[in-house]
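To keep things simple, chains are lettered A, B and C as they appear, and every chain counts its residues starting from 1.
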Amino acid sequence: MAAETGKGGAGLSEIQSEIFQAFATYVALLMLKMMVLSYFVISERILKGQFVVREDYEGFGDPQMSKEEIRIKTASRDLYIERIRRCHRNDLENIIPFVLVAVVYILFTNPTTESAILHIRIFAAARIFHTVAYLLPLPQPCRFLAFLVGSLATISMAIRVIYEGKF
Amino acid sequence: MAAETGKGGAGLSEIQSEIFQAFATYVALLMLKMMVLSYFVISERILKGQFVVREDYEGFGDPQMSKEEIRIKTASRDLYIERIRRCHRNDLENIIPFVLVAVVYILFTNPTTESAILHIRIFAAARIFHTVAYLLPLPQPCRFLAFLVGSLATISMAIRVIYEGKF
Amino acid sequence: MAAETGKGGAGLSEIQSEIFQAFATYVALLMLKMMVLSYFVISERILKGQFVVREDYEGFGDPQMSKEEIRIKTASRDLYIERIRRCHRNDLENIIPFVLVAVVYILFTNPTTESAILHIRIFAAARIFHTVAYLLPLPQPCRFLAFLVGSLATISMAIRVIYEGKF
């Protein structure tokens, strides 16, 4: 593995340093994109008066609602809010593993700048398109292909790490 | 970006090293706080005999329950257990992105120790208060403000990274 | 903490470098294991024609289904698909915190190679067994013990970091 070629492991090579500078920006961008979904859920909940716990109705809901109305509304689901929540969960399931795999891929497999940046840009583009496809929504297989491309970028890096790895 | 000013990228500055030592402790603390919620869900499930899959009833539940009773109970939900699970998911959606954004913020934007530690402490305090506000529960907007403050700490770091970033 | 004993913080020791090389492989492996669950959910959904949003029925489902049939099927849940989704969420709640805690544990507590690799191997074995126990399923307390062992490996590292930490 890469670090073995150095003297005692320390430090990043210039190539790794260059890759990490671009990587850092994409990490921040993808995390912002993901966190925006939280605010989208909150604004939809307030606009529609559709909450999931009692104190939210008391704090943000219609003050005229009876306990029985609150109970019924809490048990119901708004389809579009559930859609945003699914989109958010899908981001968690895909973007977080990408970030962690990319870090070990950059540090331990000595990729070229081109190869690493390509993986990162393809993943970022695929996930931004995935969010658009989920929230509009676009007809399938748009969302599926966006998931697939992002997922394959991560899997490609993970397999490279395992292939060069030790257990 | 910060690393460009070094000779070939390698190594941490003394300031970064100092920040990371405090950061490490908060990461461990916030992860522990988050994982405790798993144990809280498990203990509530066992106390209330409210599980979600058949083998849990067979292993931990009342051995007298009929298949029909298990089927009905599996389909039902306990409001407080769902509340803890929502709290846990909210932690996942907020604490993990914070940790990843904070790492690239510390490594690539050369923050002062004061500024970095302030972001970290505000975030940690906000998330601990968020858990208290969700589980007691405290009246709104306590939980919303806790979410907002923690979220803004992460967004502030992410925007700084993107502002200094390259794509 | 470890880094304080170095000159100005920079670089990894040879021991840390050796640990990280093994760690990298396990991170890639555990992320792959987790991501495979996404594909398992997708294949089950397509095989059973059980989707959660309208465009999935239009793109992948039976083209003869009426809007009313789609509405009813969207509201229903397949028990085995929900099981895989729970398994996936449990991985998110456990594997991601493990990775983040392990990084700060290796960097800031100066563990021996044996101790660090032991934590990592125990965790990986426990989580792979957890997935098997959830999906077959095996009778309880198999799944609970797998969760417990993995969780204790993470908690053991987190407590070590906090014990040596500064706030």
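In the analysis below, a residue touches a chain if its C-beta (ideal position, glycine included) is under 8 Å from a C-beta of that chain, and two chains touch if they have at least 3 such contacts.
These numbers were taken from a predicted model, which means no experiment stands behind them.
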Copies subunit C and subunit A - interface residue numbers shared by over half, same or different: different
Between subunit B and its twin subunit C, rotation from the CA superposition, multiple of 5 degrees: 120
Separation of subunit A from subunit C, taking each centre as the mean of its C-alpha atoms, in whole Å: 15
Contacts with 2+ other chains: residues of subunit A: 10-11, 92, 96
Touch list for subunit A against partner subunit C, complex: 1, 3-4, 6, 8-11, 82-83, 86, 92-94, 96-97, 100-101, 104-105, 107-108, 137-141, 143-144, 147, 151, 154-155, 157-159, 161-162, 165-167
Residues of subunit A that touch subunit B when the two form their complex: 10-14, 16-18, 20-29, 31-32, 34-35, 38-39, 42, 52-56, 58-60, 88, 92, 96, 99
